[in-house]
Structures are given as structure tokens and as C-alpha cells.
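The following blocks contain the structures, represented as C-alpha cells.
In the two complexes below, subunit A is the common chain; its partner is subunit B in one and subunit C in the other.
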Partner chain A sequence: MSDFKALPDLPAPTSSTGLAGWFRSNLFSTPINSVVSVISIYFIVSFLIPVLDWAFVSAVWTGEGNAACEQASGACWIFIEDRISIFSYGIYPADQTWRLDIAFALLAVSFGPQFFDKFPFKMPLAIFSLTAFPLISFYLISGGAFGLEYVPTERWGGLSLTLILAFVGIVAALPIGVVVALGRRSEMPVIRSVCIGFIELWRGIPLISVLFMSSVMLPLFLPEGMNFDKLLRALIGITMFQSAYMAEVIRGGLQAIPRGQYEAASAMGLGYWGQMRLVVLPQALKLVIPGIVNTFIALFKDTTLVLIIGLLDVLALVQSAIEDPAWGAVETEGYVFAAFCFWVFCFSMSRYSQKLERKLHTGHKR
Partner chain B sequence: MSQTDHTDQAQSASAKTVIWNDPTFRSIVSQVLAAGVLVWFFYTIFSNTLSNMERQGITTGFAFWNSTAGYGILMSLIDYDSTDTYGRTFFVGLLNTVLISVLGIFFATIIGFIVGVARLSKNWPIAKIATVYVETLRNIPLLLQILFWYNAVLRTLPHPRDSLTLGESIFLNSRGLYLPSPVPGLGFGFVSSAFYLAVVVVFIMVRWANKRQEETGQQFPSFWASVGLLIAFPGVVFLIMGAPMTLDYPALKGFNFQGGIGIIPELLALLWALTFYTATFIAEIVRAGILGVSHGQTEAAHALGLRNGPTLRLVVIPQAMRIIIPPLTSQYLNLAKNSSLATAIGYPDLVAVFMGTTLNQTGQAVEIVGITMAVYLVMSLAISGLMNWFNKRMALSER
Partner chain C sequence: MKRAITIATGVATAALFATSAYAGTLQEVQKRGTLSCGVSTGLPGFSELDSHGNMTGLDADVCRAVAAAVLGDASKVSFKPLTAKERFTALSSGEIDMLSRNTTWTLTRDTSLGLNFTGVSYYDGQGFMVKKDLGVNSAKDLDGATVCLQAGTTTELNVSDYFREHGMKYTLVAVETSSASRSAFDSGRCDVLTTDRSQLAALRTKMADPSSVVVLPEIISKEPLGPVVRQGDDQWFNIVKWTLYALINAEEMGVTSATEDAAKTDNNPGIKRLVGTEGDMGTKLGLSADWAYNAIKQVGNYSEVFERNVGVNTPVGLARGQNALWTDGGLQYAPPVR
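And now, the complex of A and B:
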């Protein structure tokens, strides 16, 4: 009996491989698909050409002042170039902006490595960025100590203010959210109802009314003579608001952990906090990473609302810059710039969460 | 030896646990502490507020509700002028909030479902357009989008004299959008009665068709029959009555358009931004819902002999809806709350009118902020209560 030898596989038919195959399966698989493809490609092209022309080809990249833009039909990017330092630093004293630069460079150095898989000293850097970094950067930005000039918070602004608001909000909202979520599932009725009340109250009202309340009502709540900084009041409002959303996201994760895990942890002799810290929370937080990052993204976008109570974040500065009579119609350029700033941060956060989700997915895929 | 030690320890431990290790005692102490801190916190706030208001000479109470407002509002669904009361400004604002929320939810749902399905399309350009749309608008703050549509698009439109127009009946200019309005004529009542009658007949017919199918297995094309009834019957009555409806076209008189339906640019910008922003989230929810139904379900339905249409209608969509509805409800809630960003462009919603102008004029911060928050809270609690109920019914129960 001769040995069985399989013939080598035949190559796939040429109509289903390569460029032709891709076109066939993605654009022209059925007659209706072909028609739809042709129409939609026509629309894409007729939309993209004027947009690209406006943004790049006919745009003004060099020159001085509004006069250079008046003849051009495209975007007036020199307006952004002219205002870039205002948009980044607001009205922070111009000779002191190196302090902001250092603070954000520190942030990039301590947070940046977290985005890469193999990088030494990730853990110490993470601890540094959550403990020492906020203190250092507070003194660096605010000054008033170590021989640095004092800069009141009214002069903070621009993209740096947006980043400060987002960073503090994110760092504060997560732990508060975890504690409230645990309280929400507690067996003690008083604690549980307090946490339910907290969550439903903050989730039930719009952020804008929270900010209004923090600027109009909070001074009424405080004893006479005591007053908070406007920025701090906004920060408290944003943090409380987002931590309620965070708590609901984390509760979702806690609910998904089977009861057996709690019982097993209990059987190992762990107390409540030991159970939560070593067994339940690591699993629950991993499950809801997409939700947590989505809350971070929402918080980042919500920082724009501070313009309504008069803080000068990047959008507020763009808003006032486009009304400058020295420049012509530059509304679109200004908004596109601001939109781009937010988009870069939010889009990279959402991509990072997707990556992390894939990495942490150690269980079985369905 | 060691074993006896162990038992001894266990026995002594169960006999007299130290009181601060007793779970019941600990839970009571921590609850009493929490309640005490909370009561102290609210008492301090309350007494501080009272003393602060007394010091600043702010009166409390709802006397302002019936005094004359004295300011005009850009848009109102009920009769309002500046001689009306502050109480009426509340209802004007509330109705404007409800209007923008209902319109936004309606359009965002339609666009969101279309885009969500389009992202899963096998047609490459369609799927790409949907993906780029979702990934772009989702990551840009809503406030920025509202300001963009209002300041960069609608305010740069031509003046009423050089309006953009579609067939000389729809006009778009810097003052807003003008549409022809239908004016029902004599005998239109018969047409609407015919429609209501058709609704009742369809209801009865569907029940009959379902009952017959359960008893005999015979199917009845109730969907097409209902569509026919709902459109054809009122249509025939409309023609018999001699088409009793005219259109009132907007026309340029003086500096602005008169007649027809005028929609202010603030409403347009807010609606446009809210719709396209929320639709991206709804699209993602719909996509996740459809992907969440495993392919085995479709295969099993096919194996049972169901064709594509019934498979989708009877197997896939009901299961996808279980995943879709809870997050969809919270998106609706977000849209309603986000409509308060109207303040930024001056659309007269509840926050802009009542918590803005009325508060500034009366200075009754506590009462007005309290009422406004209560309105939003009631709205949210109603929806989230419904959602929790739905969640309980749908969630997989364990043990």
C-alpha cells in the first residue's frame, strides 16, 4: 500500500484575490451594491475635493495679518499661528510659560510610558504621576513658593487649563467612583441609600446647572468670609458629576462578577476590604475599562462647559478671538482648530482603551 | 496536640468575639457615623445659607412667581409677552426644552439606526463613511459643535433679501428657516376622523390575524394591509372632500418673511448639533446590539426554515433590542440634559430663560435653582426607574 500524499493546494481563483478580488467583494458584489458604491464614491469625492482645497491647497500658510488672507479662497491658517500662544497658555504671564511647559512635559514623561507594553519603571512612574506629580505641578503652575512668581487662577487659561481640568477631574473621579459604587452595593441600608441618592442626584441634572450652582449657590452654602476659588468650584462640580457616572460604570463591573468569587474570597479568610482589593475590584475594573475610558472622554469634552461660567478654556479663547474685528471671517478656522485639539485627545484615548481591552482579554473569547 | 490547640482557639473565638470584630456591631457603628456626618453636613449648609441670605437681604419664598417678568422671550410655544409673570416664563422655558428634546430624540434615533446598520454594511464606501462620521463627531465636544453651527454656519448665511431657496417655498437665511405651513380647510375633520378610524381597524385586524395564525397557522399580510389602510382610506376621504387643505407660503415683507412656519436659527443650530452628536452614540449602541446576537442564532433560525426577513424580525431584532434599549434610554436622557447647552447660543430653554434671566432679575437663587433641578431630576428619575425595571426583567438571573 503506497503512502497517501495530498496534492498541494491550488491557489485561490484570481477573481477573488488581489485588487480585483477586493473590488469584487467590497464594491461590486451585487448589482445593487455596485450602484450604491458608485453613488457613494461620487459623493465622497465631490465632498472631499472642496474640503481639501479649502484646508490645504488654497489655504494661506505664510504671511502677516488679515491682509494676507483677504484674497485667498481657502483657510486662513496664519490666524491660528498668530494666536497659538494665547490658545495654548491663555493670559498666563508670557515670561512664565516655561512653567506650564515643564509641568506638561513631566506629565508626558510619567504618563506616556503607560501606553507602551515594554517599558522599564512603568509602575514607579505611574505612582509618581498620581502622587508627587500633582503637588509639584501645582506649585510649578500656581507659584507663590520656592521663589516662583505667584500666578492667580484667573490668569490660567487655554489648552493648558483644559488639560488641568481634565487631569484633576480624571484623577479625582475614579477613586470617588469606586467608593460610591461599593457603597451602592453595600448591605448596610443607610450607606446604600446615601450612595443611591448621590448617584441619582448628580446623574439627574445637567452639568451646566451643576456649574451654575457651583458659581451661584456654593458661596451661599459656605460660612461667612470663606470663599473658594472659581476654578476650584468648577473642578468640584465636574468631579462630583463625573464620579456619579463612574460609579454606575463600575457597578456594572461589580455586578458581572459571579457570586462564587465573593464567596471564595470570603472562604480564604479575607475581610471585606481584602476581598474587594485583591479579588473583586481587579476583575471588575478590567471588565469595565471601555466604560471607564468613555467616562474619561466625556469628562474631557465636558470641560468645555466652563466657558459658560466665565473660565477661559481653549474654546472660550477661540470664541473671543474669532470676534476680533482685526481679522475677517475666521470662525471656521478657529472652530476647526479647537475641534482638532479635542479630537486628538479623545480619539487617542478611545484607541488606547480598545488596545487595553484586547490586551487584558485573558478569558475565553466567545 | 496542635489540633486540640486549634479547636480550643476556634471555640474561644466563637464564644466571645471582641465587640469591634463583630460584623453587626461594626455595620451599625459605621451607619450611625455616616448618618451623623450627613445630618451635620446638611445642617451646616442649611444654617449657613439662611444666615448668608439674611445678611445679604435676600427674601425667601415664591412671591416672585406671580410678579411681572418684564422681558421678552425669543420663541414661545404658548402665548407670552413681557407683561406676563415669572411663573409663565417657567412654562415657556419648560415647553421649549421639551420641544428640542422630542425633536432631537426623533431625528437622532432615525439617523443613529441608519448609521449603525451602515457601519456593518458589506459595502466598503458606505461602511467607511459611517465609520468616519462616528469617529469624528463623537470625539468633538457638543458645545463646540453647537457654537460652530450657530456662529460659523447659520450666522454667515445671506440676509433675508438674498435667501437660499428651494422651489420658492422653503427659504433659508440668517434669520432662520421658513417653511410653508398647511392650513386645514372646511371638511378636514372628516379626513382626520378617517385616519383615527383606520387606526382602530388596523388594531383589530392585527389582533385577529395573530389569533388566526396561532390557531390555524395561516398567515395574513397584516403589515402591508395596515400600511394600505392607514394611507389609502384617509387619502380617499381627502379626495372625496375636494382636497380641503391649502399651503400658506412664507413671503418676504419688509425686512423679513411673513407667514408659513418660521424656525429660529438658534433652534436649528441646537437641533442639528444635538441630533448629529447623539446619533453617533446611538449608532454605536445599535452596532453593538446587532453584533451581540451570536451568529448561531441566525443559523438556527435558518435551520428551522425561516427566511431572511422573518429571521431578522423574529430572532435577531428581539435579542438585539434587549442589548440596545437600556443604553439607548440613557442616550435619550443625555440628549434631554444636553439640550440645556442652549444657553450658550441663546435658545430660550428652561435653563436659559428660568435659571438665566429670571434668576438674574429676581435674585431668588435657591428657589429657582431648586425648581430647575427638580424638573430635570423628575424627568431623569422617571426614565431611570423605567430602565432599572427593564434591566431587572431582562437581566440574566443567577441562583
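And now, the complex of A and C:
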């Protein structure tokens, strides 16, 4: 009896492999699926073609002034090109914009490596970006020291103002949020009620009225000599507002940590701050990364509300630029550009948070 | 209600700090070295950012003229973009020294907000714009029309007054911003677009087909727009008021930024007083003798300012109309500098 020898496997039927197979199994597996697929493809294509045509094919990419756009049926991107320095820097003195460039290059250099696992010096860079970087960039942007020309904050604007507001808001709201969240769970009644009061006060009023109060009401109560900066007031308002939200997100994480963890840490002889720093917070913060990033993204987009107090962020400048009578109807281009700016930053934050979640994943995730 | 509270607090605080805060805006501006001037966040022809980031427009140039008169340098203005809601509190809180933001002079604002209107830099009025193919030649034919306008403005009240007065019916489409009202009109959601006539002109340039629309002749309201200062500082009030008058007087006397140096040696005593070679007009205002000279030299007379920002050769393309000098049948009339 000869040994049993299996014949080689036959290749899968051609109808189930390759592009055709994928289509068959995913889009046309049943008659109903086929009908739904055909209808959906029809709608997607009939929507995409005009959009792509508008944005790329018939769009005007080169040329000078409104005249170049008048004949074209597509987007007038030279309007954005013409205004790009305003959108990025606002009314910051044109010969000084290199200072903003350096500040944001520093931001990219110190935060960029956090996206890559194997990059060396990540920890020192992270510490730099949270401590020295804000100071350096503040002096770089506002000047008045080290021989740099002083640029008052009312000349800050555009995308750079959006980034400044968001960066300061994010960097300040997280630690304040942690402290307030711990305070809310404290056993000391005074601290607890102060923290509850803080959260409920700031969370209970709309951001728009916080900004309005900080811009309009506050100066009325201050003596004339003590008029402190409008941008600073807005920043404090945004930070307080977001810290309250942050505190509640973090409290959610703290409550998810089983009591045993606290007790075990206590049994190790750790004091309160030791327990929190070494045992509880690392676990709690990891659990609520999606919530924290959600708050950051909301904060980033909420910065557009500073328009109502006359700070000109990128959206405000787009809105005022589309009113320029020297250009035709360019509002779609303007809003698409503004949306794109926001999307780029929010999407990067979202990707970073997903990466962080995967990296810190220790088996609790389902 | 919110506004009433804000204003009440403003007045109370103003009273508290009256002596320290509102004693001398002039001294404060001179000490600071810049004039802080409230403008809009973007209104074509009046105050808007150009593509180089400079604030341009008629309202902005009024600020520049005051800076030139007070500080001798028209570029020493720090422009504060303000929204309609913010503008009066920013002024009463001292955040800005003057407001030049297409603000209509009304009795209520002049009396109850602790403000003083210093004059009229632009006489505006509310008008209607319709599509040509509607075949309407007068606002009185608008019975039953759908009207697009910006919500929460005096425009809304004026329209309601006008249609009620003429016994006509209308449907309102109130939208949030002026550009939204324009796109609503452009896309055919309404038959009529209404706002101040200077704005209609600017909005018209943004239509898909500007030649398909027409502005009706009727003007249904008076909108005198001008610079505003805080009440209680008469010296500063005089400075802003007379700077505007100086620009108008300069046009009347034919003095322009180009001919002004020649005007210094002119024999006309009126011109001599204006450019400061005779009399002590500047001292009376607390300024240097060449206050008006600086303003006209660096910014131009009223006609130059008008033509540069909103005149027929600009995209806004407004004719002088009511804003012509009184000698040309318009309303611009300035008391003499003497």
C-alpha cells in the first residue's frame, strides 16, 4: 500500500478571489444587497464627481486677483493664496512673522516625536514642551525682551492665535482638571465643596457668556490703571471652563479604579500623593484617554468663539475676508479652508490618542 | 435686560472711577503713544483687513486722522475689532478711546449709554435691493414680498414700520449675518434684500450676477453713522469732533493732502487757520498748532477718504449722494475753524 499523498489544493474559484470576488461577496451577495449597492454607488459617484471637479479639476490654482476666477466654474483657491498670510498670522507685523514660524516649528519639534515609538529623547522633549517651550515662545511671540520688538496681543490673530489659545488651554486645563477631580473626591469637606462649586459653576454657564463676561464685564470692575490683557482674560476663561469638564472626565477614571488598588497602595506605605501619583492616576488617566482627547478636540473648536469678543482667530478672519468686495462669491472656498485647518489638527489629536491607547494597553481593554 | 445690567454696572463703575478714569483721555493717549480705536470685525469700505493685514476703510481712516491730530502720526492707531454687541461696553470700560464702527446716532444711544456722538462721517439709510426680473421699480410695489434681512438689527424694525405704514404684507426671512442674507437672496429664497444702502452696494458686488439686481430708489430710514466717545470728557469730545470737521472743512476749502504744503502759504485766512499758520486753534483743543495739518496731510480730506474707501472707483462703488458737501447739495456741513 503506497503512502497517502494529498493532491495539491485547487486554487479558489476565480469568482471568489480578486476584485471581482470582493465585489461579489461584499456588495452583491444577495439581490437586496445588489440593489442597495447600486443605489449607494450611484449617489456617492454623483456627489463625488461634482465635488472633486469643483475642488480640483475646474479650480483656479494660479492667477492674479478676482478676474482670474470669474470665468472658472470651480473653486477659487487663489483667494486663499492671496490671504494665506492673514489667515495664518492675522495682523501680526509682516516683517516679524518669522517669530511665529519659529515658535510653531519648536512646537512641532517637541511634540512631533511623541507620534513615533522608537524616537530617542522623548521624555526630555516632552518635559521641554511643557515647561521651557511655553516661556520661550511667549517671549518670542510677544517680544519686548532680548531685543525683539514688542507685539501687543491685539495684533495676534489667525491660525497662530487659534493654536496659542488651544495650546494654553490644553496644557493648563489638564493639570487643573486633575487637581480639581482629586479635590472633588477628597474627604476634606472644605476642599470637596470648593471643588464641587468650581465644577458646577464653570460647567453651568455657556462658554460664550464666560468669554463675554471676561471681555466686557471684568474691565468695568477694575480700576482704570489695572486693565489687564484681553487675550489673557479670554485664556483664563477658556482654561477655567475646560478644567471643569476635564475634572469630570478624570473623575470618571478615578471612580473606575477598584477600591483594592487604593488599599493596596496604602498597605505599601504610600502617602496620599504617592498613592495618587504612582498607583491611581496612571491607571485612571489611561482609562479616560478617549474622554480627555474628546475634551481637547472640543476645546480646539471652541476657540472659534473668541470671535464674539473681537479676537480674530482663523475663522473670524476667513469670515471677514469673504466679505471683501474685491472678490466675487468666495465664501465656500473660505469655509472649506477653515474647516480643513480645524480638521487637520483635530484629526491629528485623535490619531495620537489612539496610538497612546494602543501603547498603554495592558489587557484591560475589551 | 443683560445689556441694561451691563450698562447700569458700567455707569456705576464709571461714577466710582470718574475722577481717575475719565479725567483726561487726551493725556492718556499721549502718554501711551497710541490711539486705541474700536472698529468692526470686517465691513467692506468702512473697516476691514486688506490682504496685507492693514485695517482699511472710512471708519479706520477717521481713527487715523484723530491719531495724526493728537500724536502727529496717523500710523499710531491700535485697532480693536469689536462686534456690535461689544462696542459700547468696550468704550465705557475705557478699553478703547473712541469708537468708529458704523454706529447709528440715535436718541436712545446718545442719552442712555453714557456716550457722545461726535458728528456724522457717513449719512446712510436703509434701502431695498430686488432682482431685475421681478419688474419692480418702487418699494411701494413690494406688497406680498419675501424680505431677507439680518436678524436683531434696527433694519427689522424699519421694515416692519415701512410695510405697516403703506398697508403692505410681507414675509420675513431673518438670517444671522449679512453674507448669509446675501446668499439667501442670491439663491432665490426671498424677493427683496434690505439693509443700509452702503452695505447693499458692497453685497451687490458679491452676487453671482451683479447686473441682475437693482437697488430701489426709496430710503426708508435715517442712519447717520459717526465716531463715538465717552461722555464726561469734553476736551476729548471736542478733539474727535473737530478732527472730523477739519477733514470736511479741508474739502470745502479745496485743501488736499497733496496741495496742503502749498496751502501753508495761502492768503486765505480760513485756510491759514486750518493748517495752523494763523491763530491758535490747536491750543484751544489742547493740541499742537499743526493738528489739522497733520490729519489732512497724512489721511487726506473728507473727499479723499471717501473716494479711497467707498467711492465710485472702489469695489463698493458709492456715489457721494447725501455725503456730498452742502455746497454740492449734500449734507456734509462743518462749522468753521475760527
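Things worth noting here:
Following the convention adopted for this analysis, the second predicted complex is superposed on the first by the 340 of 366 C-alpha atoms of A that agree within 3 Å, B and C clash if a C-alpha of one lies under 4 Å from a C-alpha of the other, contacts with A are read in each partner's own complex, and residues count from 1 in each chain.
To be clear about the criterion, contacts are C-beta pairs under 8 Å (C-beta built on N, C-alpha and C of every residue); 3 or more make two chains touch, one makes a residue touch a chain.
Since this is a predicted model, take the numbers as computed values, not measurements.
With the two structures aligned on subunit A, subunit B clashes with subunit C. After overlaying the two complexes on the shared chain, residue contacts for A:Ala321 are found with subunit C alone; subunit B is out of touch.
Once chain A of one complex is fitted onto chain A of the other, the partner contacts of A:Gly204 are limited to subunit B, with no touch recorded for subunit C. Of the two partner chains placed by superposition, only subunit B is touched by A:Asn26; subunit C is not.
By the touch criterion defined above, A:Leu307 reaches both subunit B and subunit C.
Within the superposed three-chain model, A:Glu187 lies in touch with subunit B and out of touch with subunit C [touch as defined at top].
Once chain A of one complex is fitted onto chain A of the other, the partner contacts of A:Val216 extend to both subunit B and subunit C. Of the two partner chains placed by superposition, subunit B and subunit C are both touched by A:Glu331.
Judged by the touch definition given at the top, the superposed model places A:Gly90 against subunit C, while subunit B stays out of reach. Of 113-121, 131-139 or 167-175, the segment of subunit B running into subunit C after the two structures are fitted on chain A is 167-175.
On subunit A, the surface touched by subunit B in one complex and the surface touched by subunit C in the other have residues 212, 216-217, 219-221, 223-224, 307-308, 319, 322, 329, 331 in common. Across the complex, subunit B is touched by residues 25-27, 29, 33, 36-37, 40-41, 44, 187-191, 194, 200-201, 203-209, 212-213, 216-217, 219-224, 258-259, 297, 301-302, 304-305, 307-308, 315, 319, 322, 329, 331-332, 335, 338-339, 342-343, 346-347, 350, 366 of subunit A.
Chain contact summary for the complex, subunit B toward subunit A: residues 27, 30-32, 34-35, 38, 44-45, 48-49, 51-53, 55, 122-126, 129, 135-136, 138-145, 147-148, 151-152, 156, 294, 337-338, 340-341, 343-344, 351, 355, 359, 365-366, 369, 372-373, 376-377, 379-381, 384, 398-399. Residue ranges on subunit C touching subunit A, taken from their complex, read 6, 9-10, 13, 17, 20-21, 41-45, 48-49, 51-55, 78-83, 85-86, 89-90, 92-95, 177-179, 183, 186, 202, 205-208, 314-316. By the touch rule above, subunit A contacts subunit C in their complex via residues 82-83, 85-86, 89-92, 94, 152, 154-155, 212, 215-217, 219-221, 223-225, 227, 230, 307-310, 312, 316-317, 319-329, 331.
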